[in-house]
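Below, subunit A partners subunit B and then partners subunit C, in two separate complexes.
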Partner chain A sequence: MPQSADKVKDHISLFQEPEYKELFENKKANYECRVSDEDVAKQIEYTKTWEYREKNFARKHAVINPPRACQPLGSVYAAAGFEGAMPYVHGSQGCAAYFRSHLSRHFKDAALCVSDSMTEDGAVFGGLNNLVDGLQNCYALYKPKMIVMSTTCMSEVIGDDLSAFIATAKEKEVIPADFPVPFAHTPSFVGSHLNGYDLMIKGVFSYFWDREAQLTPVKGETINIIPGFDGYAPANNREIERYLGMMGVDYTLICDVKDTFDSPTDGHYKMYYGGTKLDDVRASINAKATVSLQEFSTEKTLEYVATKGQETVALNSPMGLTGTDAFLMTVSKLSGKAIPEELEVERGRLVDAIADSAAWLHGKRVSVFGDPDFVYGLTGFLLELGMEPVHLLASNGNSDWEAKMKELLASSPFGGSGQVFINKDLWHMRSLLFTEPVDLLIGSSYGKYLEKDTGTPFIRLGFPIFDRHHHHRFPTFGYQGALRILVEILDRVFEVADNASDISFDLTR
Partner chain B sequence: MSLDNPNDPVVNEALIKEVLEAHPEKAAKKRARHLGMVKDGPDGNPTCGVKSNIKSVPGVMTQRGCAYAGAKGVVWGPIKDMVHISHGPVGCGHYSWSQRRNYFTGTVGIDSYVTMQITSDFKEKDIVFGGDKNLEKMIDELEEMFPLNKGYSILSECPIGLIGDDIEAVAKKKSKDTGKIVVPCRCEGFRGISQSLGHHIANDCIRDWVLDKNEQQWETGPYDVNLIADYNIGGDAWPSRKLLEEMGLRVIGQWTGDSTLAEIERAPKAKVNLIHCYRSMNYICRHMEEKHGIPWHEYNFFGPTQIAKSLRAIAALFDETIQENAEKVIAKYQPLADAVIARFKPRLDKKRVMLFVGGLRPRHTATAYEDLGMEVIGSGYEFAHNDDYQRTAHYLKEGTLIYDDASEYELEKFIEKLRPDLVGSGIKEKYGTQKMGVPFRQMHSWDYSGPYHGYDGFAVFARDMDLAINAPVWGKVKAPWKLAEAAE
Partner chain C sequence: MLKNKIAELMNEPGCATNQAKSDAQRKKGCSKPLTPGAAAGGCCFDGAKIALQPITDVVHLVHGPIACEGNSWDTRNSWSSGGDLYRLGFTTDLSNLDIVHGGEKKLYKAIKRSIARYKPAAVFVYQTCVGALIGDDVDAVCKAATERLGTPVIPVNAPGFVGSKNLGNRLGGEALFEHVIGTVDPGDAGPTDINILGEYNVAGELDQFRPLLARLGIRLRASITGDARFRDVAACHTARANMVLCSQALVTLARKMKETYGIPYFEGSFYGISDTSDALRNIARMLVEKGADPTLTDRAEALIAEEEAKAWAALAQFRPRLAGRKVLLYTGGVKSWSVIQALQEVGMEVVGSSVRKATEADKAKALERLGGDEDKLADAITPRDMYAMFTDGKADMMLSGGRSQFVALKARTPWLDINQERHHGYACYDGMVELVRQIDLAINNPIWAQVRRPAPWEEA
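And now, the complex of A and B:
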């Protein structure tokens, strides 16, 4: 008998037992009508070829394993970064369930989102009644300070007008007339989660700066920092704030999910925990400047902020030495505050660590996939480490990103073998890894299938990370983040070396 | 509030009232019908006393999903040798990518496609001009990429039904071109009110596009059965299959966890359909009963009491040989079950559980908890119908709190007030519950564990409930200085 009470075997070991192996064989041989093992083996080999790669890259319609989510996920994430805010999806309820699950699986924390559960009659008559009831119920039950509304495919295809609908709801007095309901139209057939993030941050700004009251900016000394859609936000935001605190900069983090998605367990569930204060959002129009840490999740937002007379700066994830340096120098220049000695020491410790280990990394070939700014920031760091970025894929990257990436690669002697891919998916990446093998693959949890198929050693970095716990509680930004990434890369490289040969099984590396 | 009697109807009544009072009047009136308790009905049989399968109230944060989730995520997705196309924008396929843990044997991307996200990735121009032409070309490309696949399902996302695409025509054409089964499934998320209609639509697609389409070369035997509506989450269907095979039955189709298209097509050749998740596949069982004359029989493979009962009931459908075999199987495994209970019951005895899950688990697992000395004090379904609740009442004790399509608010309040020793629900409910210091197990995905079905699975179930409830961390939730202050 394979199972026992003393040593309970779950799926990980149970199905390796002979009884189950026999069951699989028997099922396969007698009932499944599978293709022959020879055909399977032949097809496996064929998918490794250049010929298959060419067919794969000739695909124009079938999208296979794209590492990219849809707009409203980004807007729900964005909503979660504000004080007392309830994300609200106008349209099908299934979407809301998916967004909540997706965010919870990554952050290992509760994720909220109300929907107004539109069904077939909504498709025929429009979703106004759902929206009015939805706002009333959400307001009464969850007592939010603000409801942040995005849309799904359904309400977009039928053309519901959020601005008019919300106005009607206020006329019907289901919520107070002055109750903030910023919104963004976020159909899933446009862009990716990054665009949804962008539109919603813009929506929140424009609600408080233009709609609630027409504010006139009075330039002050504060700097707005927009972190962008970031799976490591709990740790990265804290890291960024530590730097700003050390420099004595007066700042506002716009959309701060660090507490929302990393709240303590203390016996009470607090539905609203953390987030940027609404008064701070109102006041943020008076900032001296707005710095986005991720250009490609804030394009529209920065455009809008600039119309208020603010200086705007877009960075591409402050990762590694250059990325972090650029962040600190940008903030220093904008605020007039010096970069303190302690931070220079911290930087020096990172340089020290890189110098200690660079020999192990020099010339190692790496492929990376993920969101555009993540890929850009990480590529910059890899170049600093003397590694060679090879396949750099952002399925949601645009042509500006592509051009910028090429520029970055051209700036380093280690960038020569770098190829940049937009609008490509992980099935393309599979062909790339088979035909032009690399030493390391870096990306979100979906990369585990590529590691299994191609045997490429894999490091999990990016969004989402579902199959490893708590990575998001440690930064990837700043010098500390760089140190963390450095150690993860080194650990994997050493693991590969340890497993490669009995002879070179060195105690000291 | 006295919690000495967890099923105190007065306590539960007050709790329901308190929760309803937080709602606006119209919503309270609607929700009142979905909250109740197990009690004796007018006919003397126990009833759950709730209405079900009704539209969710907008804005209350229902935990329900959509028809696409029911059709793709539940029914079609696990069929391993077919390519399942999420037809529409990228999101739906993305969020459901590899999340149901439908285990299978096979090589991904070569002869099996379960853990892949294959989508037509609709853009604005597809909404304007329609997606049929691209869908056709997409299937041609997929033939190039995955030549060993046995067929396709086309799972519609919301926009498809709204823009008037004719995916049925595409399916017919591509079926002719490829010589394979191509199934158009109209499971747009706005259809119906929950995952449930998606199950129904998916069942109808099996009926209309798969069964009786190809001639089946199958020599039938007297003991041929189909194992229906086990999605092999964490490998659940395998210990179940093992028990059926050990008692001498021939499982000619395993639906749909780890199944191949052949197992679906062959199903009408069976003598009986054994159905585990009634909600998601009763429709196709009724069809096969009507059209092919195959009776169907519900069973429950959670926990030794129900397993033994089910094995005997299944055996009773066959001859004495099978009945004798069933007794042998029960005798073989009872010592394992006894040992599991001996080990875990002392650690779990009298622990109180609240459940809120999907198709069958709010009732099917109740007796498994009781096997371990535990008691279910509250239970509810995301998307059950009246016939599910009819099947539920006799599993539960009088006074058990029942909540249908419970919202985040209701669940949170119920958990907060009743403070059970364990909550079994889903990923959306997990982390908020744990913040309260209440142990939790995901009962959709088995919290990445399993299998839970069969005797082999019961051991895992018992172990997991123990490791959730008796984790030392729950004793450390409050800072000791706060506890000291509270004691003063």
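And now, the complex of A and C:
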């Protein structure tokens, strides 16, 4: 036997043992009824051609390897950014379990979420009973300060009305009448996690500003910052707060998951840890302005905030030099506070690093996939580094994003070969990489299959990152984030150089 | 003995600078005295090591405390077309007790062990300050080891304190002359064999001129020492001509080979287009004088005409992108004057060139190409002056070695590495086109516009 108690092999090595290899071969030869290896190889070769690429891009009725998640994932993430909040999914429990595992696998931390476990009778008679019972149980069992409700496909298909149902639950006195239950309708079959995030932030605002009490804004000095859906939020939020602190700006971070998803291990389990204080959310209506760090995570939210008379600014991820400059200058302009010297020095260090290494990055061709603002921010930085973005794919990008990307590419001499793709998946990306090879691929963990398949060196940046640990603990925003990204790109470039040749396997580079 | 050798090296009749000196000056030697407290270059050991390290199939064993090898291990991009043995770091790692009891036995054991384990063509043993101070007799250990172990063990007696890095280069050459050259008969000596001295195959440059030689039917017996094999170096006394690339390092070796083996030599360069052509012409002429097929001269001319035309045509495409840009050359090993012409050809203006390590002849040539403007020739430029040149806009770019790169980079000025840590070969016709291409990539990189821009909130 290859496996013994004295020396237990893990699955990486176990299946390389002769017994298993023989078993696999036997299975393949006698039970799988396969087409021949030659035919498979021929077909694989065919899928690398331009002809196949055109067929692939003409594909209408299937998505293969989708690089995006669904609306309620975004709304569960949004809910996690508020003090004492329990994310609640009205619908089937499997969905809620997916959201928890998705977030936990990325953040390596607990992700709370309950559902009201709708079953067949719920689908037939409507989900009201489940929702009433669910609110009662959730409130009694977990003692949250707020329950943040989103929906899944199931409750949306049957058309459950959350507003009316929650009102009914309160009439039945299963929860106190003044207990906050903000909600958003978030069917998975429309949009992506970014829309779910957007609608839920809007839902929280509108609950505290309009439903709980009809608040009248009194313009103050504070600035609201909405980070947007961001896999690097723990580190990015801290980085952004550090800048705001250095500038002495009075701010409120709206939906702050930095502690929720990055809590310390100190011997105590805290069910609710961190998040934006509910009183701060109530007061945030009085802010001077609201700045979204990710335009396409917050379209509806900003529209709503603007109706309260606030100035709104939408940025596209403060990444790289220009992205970070834009953030600092926006905040400086809105708050009237100067950008301190220390930040200019920090900026200078980034410029120094770029100048030191530019020769190694010049003209390197890169493909990027991910959420729209991430792709936009990163593309801007790649252009600053003298790299050439080639395929820029956001499966959940809209036509506004597409137009904005094209404008960005046209603004740089390195943008000439850039092509922008929306509504496309990673199987499309595969065709792109085979027909127009690039030097680097950047995207979420799902890119690892493309790396193995196409041989394109791959850098993990984006959401989700499942197969590498703790990347979310280091920022991607700001000058420090730019340094981190620069170093990751350089490491990969040097690794490729080291692997490529024995002769130029140089110690100093 | 070492003292006599150094005195002899300081009086090099093959060196024009030395011959121009008065007797009294000559006696002082040519090394510039080091200034305590001022930044200085590498030591004598370092010089010897880098001159010999590129020999690929031998063990390079450093007899000294750990850091002499530890800090210099594999830091130069001398490439090999064969084995990688030369890139391993070997040292006797002398420590407290060795210094009390002497390190000779340890050295012998290290030699024995390295031979048993790696079966090298030879072992080169480098003396260091510590070994020399405690009186370890490296020459005697090497002699005994050679006799007992049957593999040549070559002492390189150039401890760090005896002088500059350049002296070390020359002591390395001495070691080759005394212990290596002439010890092997190749059995196939031909009328068109040549050696190249002072070439280190940085970034694979040897393969930019080996093919040119091959097309003329010329065999490169040994490159000393880039990509060299021990046997080839040992048999290089059978060559018909020597070309000295870096005369500062190995002209003494060339002169001694001329005196002992009757091999004529000339100093030339493979950096720059017409310099490459001159070098090929000289090689052909010398071989014909020594009895090679006289048609070699015409074949060389045909090759030169073809390659020059190709190279100038390739350079022309860069002209629109580079014309009018101002370059500062701040170089040590690579001869400045030989690239000036190519840069001028693409319309660039050479605003200054350092001649720190150049001979009088080099300086004269550089001056001629710079239109006789003496102000453009500088010995050493202080970082402060260099920085001022960039900030005042007198230079758009610098070509230099790694040590001065940050002066340019901090002044937000493009910089190109043309020293040993670079990754592109710049030799011969193809190499010069590559150099200009790299200059284009560096100077026209849009990154600089961004690097130079102040923080945007400062602009208004």
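Everything below uses one rule, namely that the second predicted complex is superposed on the first by the 502 of 509 C-alpha atoms of A that agree within 3 Å, B and C clash if a C-alpha of one lies under 4 Å from a C-alpha of the other, contacts with A are read in each partner's own complex, and residues count from 1 in each chain.
Methods note: contacts are C-beta pairs under 8 Å (C-beta built on N, C-alpha and C of every residue); 3 or more make two chains touch, one makes a residue touch a chain.
Everything quoted here is computed from the prediction, not taken from an experiment.
Engineer: Once subunit A from each complex is brought into register, does subunit C clash with subunit B or fit beside it?
Structural biologist: fit
Engineer: Subunit A residues in contact: does subunit B have more, or subunit C?
Structural biologist: After superposition, B is the partner touching more of subunit A.
Engineer: When the two structures are overlaid on chain A, which partner does A:Leu385 contact: first (subunit B), second (subunit C), both, or neither?
Structural biologist: A:Leu385 sits against subunit C, while subunit B stays out of touch.
Engineer: With the two complexes superposed on chain A, say which partner A:Gln214 touches: subunit B (first), subunit C (second), both, or neither.
Structural biologist: neither
Engineer: Quick one: is A:Ile158 in contact with subunit B, with subunit C, with both, or with neither? Answer first, second, both or neither.
Structural biologist: A:Ile158: touches subunit B, not subunit C.
Engineer: Going by the contact rule set out at the top, does A:Ser399 touch subunit B (first), subunit C (second), both, or neither?
Structural biologist: Touch partners of A:Ser399: none, neither subunit B nor subunit C.
Engineer: Report for A:Phe414: first if it touches subunit B alone, second if subunit C alone, otherwise both or neither.
Structural biologist: So A:Phe414 only meets subunit C here.
Engineer: With the C-alpha centre of subunit A at the apex, what angle separates the C-alpha centres of subunit B and subunit C, reported to the nearest 10°?
Structural biologist: 110
Engineer: Where does A:Leu507 make contact in the superposed view: on subunit B (first), on subunit C (second), on both, or on neither?
Structural biologist: A:Leu507 contacts subunit C only, not subunit B.
Engineer: After the superposition, what is the least C-alpha distance between subunit B and subunit C in whole angstrom?
Structural biologist: Result, nearest C-alpha distance in the overlay: 35 Å.
Engineer: Pick out the shared contact residues on subunit A: the ones touching subunit B in one complex and subunit C in the other.
Structural biologist: No residue of subunit A touches both subunit B and subunit C.
Engineer: Which residues of subunit C touch subunit A once you look at their complex with the stated criterion?
Structural biologist: The contact residues of subunit C facing subunit A are 73-75, 77, 79-81, 84, 203-204, 409-410, 412, 421, 423, 441-442, 445-448, 450-451, 455-458.
Engineer: For a test of understanding, state which residues of subunit A touch subunit B in their complex under the given definition.
Structural biologist: It comes out as residues 1-6, 8-11, 14-15, 19-20, 23-24, 26-28, 31-35, 39-40, 43-44, 47, 55-56, 58-66, 68-73, 88, 91-102, 104-105, 108-120, 122-123, 130-131, 133-142, 152-154, 157-158, 187-190, 192, 263-271, 427, 430, 446, 449, 452-453.
Engineer: Could you pull out which subunit A residues touch subunit C in their complex?
Structural biologist: Interface residues on subunit A, with respect to subunit C: 321, 325, 328-329, 332, 339, 344, 347, 351-352, 354-356, 358-359, 362-363, 384-386, 412-414, 502-504, 506-509.
Engineer: Taking the touch rule as given, give the residues of subunit B at its contact with subunit A in the complex, in rising order.
Structural biologist: Against subunit A, the touching part of subunit B is residues 22-24, 26-27, 55-69, 81, 88-92, 94-97, 99, 103, 105-111, 115-124, 126-127, 134-135, 137-139, 141-142, 144-145, 147-148, 157-159, 161-163, 189-193, 195, 234-235, 238, 241-242, 245, 251-254, 258, 260-263, 266, 332-333, 336, 339-340, 342-344, 407-409, 412, 416, 426-428, 430-437, 449-451, 455-456, 459-460, 462-463, 477-479.
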